[in-house]
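What follows is a short report on a single structure.
Labels run A, B and C following the written order; every chain starts at residue 1.
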C-alpha cells in the first residue's frame, strides 16, 4: 500500500486564502534550495517551507543574474545592441540574436536574403539541440543518473564544434545580426554535420535505453509534477510543457517564421503532462530537430548574398513604432518587444522568456505537496533558465 | 483582424489603432476601460494567452505606456493594448485575477518602473533587485552609467571610448 | 530587516521560553585570522605541493561562465585528471570560481559562500566582466572589479573563456600555489576592514554578521 501522509498536521488556509504557517510552532522548516545548490537550474533559488518531507509552500527568488539588459540596450545604438543581446540567455543564445534582428528588420523595413533565412533556421535548430541535450543531462542528473549528463555533454561538444567552424565561437556566436548573417557555411560542413547527427542519434538511442526505460526513472517521474491542462492559458504555458499536455502548440507551426513553412514537420505531442511525458516530448523534439537540420541542408540555396545592404549603422535611425517578434525556442515561446522612437537608439526592449511564467507562477503552484527530493526534478522538467527571467 | 476591430468598436470606446503586421495590431485604450475590454477579449474573442505585460517610459510626454499583449493561438493573431498612465502618479488596476501569471509582471513593473498595482499579490516583496534605494532603474531619468561610476570601484587603465566616434574612425576613416 | 531575522521567543516542549536572535544564532562572528606558514620551508613546500594537487571547486555557477564547467567534467576536457573536481558545498571546496559577472545580489551570497570555505582557499575570477566589468561596464547592478570585494588569486580572461583556457588557468594556479604566492585568504584576514567596507558600500541591505562561517 502506498504511503499516506497524515495531513491533519498540515497548515490550513485561512479566510483570506493564505496558508497559516507559524514558523515558531516547530512544525515547519524553512529550507532554501539554491542559489548554491546542485539541484537548481542555474543561479536562482526556491524558498521552501516544509512539513515533514512535503513542501507546503514554495517561493521562487530570482535576480541573481540581473544585469539590466533592457536598460543597457537603451544606451546603445541598434548595431551596438547586437553583441550584447546573445548574452541574455547562455544555454541558447541564438534566439536572442534572431528575435532582436527580426524586430529591428521589421521596424526598419529590411528584407533579408534567402540564404540568410536558411542559415538562421539552421543555427536556431542547432541551438535547440544543444539546449535539449543540456536538459536531458540535467533531468537525469536530478534523479541521480550522472552518466546521462556525461554522454549528452559529449554530443553537445561535437555540436559546439560545428558551431565553432561556422561562427568561430563555442557559446556566444554573434552570428545573426540585423540584416542577415555574418557568413556562409564553411566548405565540407554538410558531411561533418551528418557525422555529428549520426553520433547524436546513436547516443540518443543509448539514452533512451538507460534513461527512459530505467525502472527508477519511470517510478520517480510518471505521475509526478502533473500540470493540469486547464492551466495552460491562465499561466501562459508554452513549448514542450504545453505539448506534453496534448496541445500541439508550437510557434514554428502556429505562427511560422523564417523557412519553417517550407519544412515538413509536425509538432511533437505527449499526453500525460508529467515529468516523464515532458522528458519524452523533448527527446522526440530533439530527433525532429535532427530531421529538420537534414531537410535544411538538403533544401537550402548555396548561392547569393547572406547580408542585406544596411544604411550607415552609425547614423541608423529607425522610425517610431513597436513590434513583437516571437519564436519557438527549446523552452517555449521566446519573444522580443521592441519600441523605437525615431532616434538611433531603441526606446524600450522587453524580452519575454518562457521561463518567466514557468518558473515563477507555475512552479510556485506545482511545488505544493511535492516531496523535497522531487523539487529538483520538477524544476528541471519545466526547463527553466533564470537569466531570461531577470535579464 | 480588421473585423475584430470593427466588432470591438461597436462595443467599446477605442483609441488609436496601429496595424503593425497583418496579424499584429496595437490599440490605445483608456485606463478605466481596459478591464472590461480585456475580459471580453479573453472570454469571447479567444485571445486567451497573455504574452507579456510591460511598460514604456515616454519621459518627454510625461507618460508611461503599459502594453498588454494578447494572443489567440488558434487563429494566429496578436492584439496589443496600450494604456497611457500619468507619469507623476502611475497607478493601474491589477489583472492578476484574470491571469495569475500577471502578478509576476506587475511585481516587476512595480520594482523596475515604480508603477503601482493595488491588490496584486506579493507586490511589495523584492523581486529582482535587493536593497534598491534610488529611482527605479528602468525609468528614463535614471542614469545607469552615472550610478555605476558612483557605486562601483573601477579598475584603472580601462579605456572607454565614445563608441560612435571610435567606430567611425575604425570603419569610415575617410569621413573624419 | 527581514521578519525571519528579528529576535523571537521560542518555547521548548517542557515549557521553558528563551530568546533566539537568528543573526547571532547560527554564525560565528569572530573575524578571520591569518594562517601562519608551517614551521620550516620544506614542510610548507610539501603542504603547498599537496594543496596544488587537489583543487576542489565550489559548484556555484554565479554567471554565464558556469556553462563551460560542464564540458570540463566530461571526458573530452576531463579536468579530473589534474586533480580538479567539483563539490556541492563550501565546506568541502577550496577553490571558488567566480564564473563571470556578479550582480550585487549574488555578491552577497558569494561572500557568504567564500567565508564558509575552509582555509586554505583560493578565488579565481573568470571572464573579462570580473576584471573590469567587460560587457556590463555601465550596468547598475554588477560589480566591475572583483578584487575589491574578494581576494582574487588569478584571473582568466575571455568572454567567455574556453575550456582550454580554464585548464591552462588551473595549471597556472597550481604553479602559484606551489610557489607559495596564493595568499588570498590571508590577505582577506589582514585587510578585513577594507574588504568589509567595500562590500558594504555596494550591498545596501546588509542583514548578516560581518563574518559568518
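Just a few scattered comments:
To be clear about the criterion, contacts are C-beta pairs under 8 Å (C-beta built on N, C-alpha and C of every residue); 3 or more make two chains touch, one makes a residue touch a chain.
Remember, predicted model here, so these are calculated numbers, not experimental data.
With centres taken as mean CA coordinates, the chain nearest to the overall protein centre is A.
Judged by contacting C-beta pairs, the busier of the interfaces A-C and B-C is A-C. Among the other chains, C has the CA centre that is most remote from the centre of subunit B.
For this pair, subunit A with subunit B, the centres built from the Cα atoms lie 22 Å apart.
Between the Cα centres of subunit A and subunit C there is a gap of 29 Å. With each centre defined as the average position of its C-alpha atoms, the distance from subunit B to subunit C rounds to 38 Å.
Among the residues of subunit C, those in touch with two or more other chains are 105, 138-142.
In subunit B, the positions touching at least two other chains are 129-130, 137, 142, 144-145.
With touch defined as above, residues shared between interfaces to two or more other chains in subunit A number as follows: 63, 66, 68, 71-72, 75. By the touch rule above, subunit B contacts subunit A in their complex via residues 18, 20-21, 23-24, 26, 48-52, 54-57, 67, 69, 73, 76, 78, 80, 99-101, 103-104, 126-130, 137-138, 140, 142, 144-145, 163-164, 167-168, 171-172.
For subunit C in complex with subunit A, the residues that touch the partner chain are 4, 8-11, 58-64, 66-68, 70-71, 73-76, 88, 90, 101, 103, 105-106, 109, 113, 135-136, 138-142, 159-160, 162.
Only residues 62-63, 66, 68, 70-72, 74-77, 80, 106, 233-236, 249, 254-255, 312-314, 321-324, 326, 333, 335, 337, 339, 347-348, 350, 352, 356-357, 360-362, 365, 390 of subunit A touch subunit B when the two sit together in their complex.
For subunit A in complex with subunit C, the residues that touch the partner chain are 23-24, 30, 35-38, 42-43, 63-68, 71-72, 75, 83-84, 87, 90-91, 134, 137, 149-150, 153-154, 156-157, 160, 170-172, 387. Residues of subunit C touching subunit B in their complex: 104-105, 108, 131-133, 137-145, 148, 198, 201-205.
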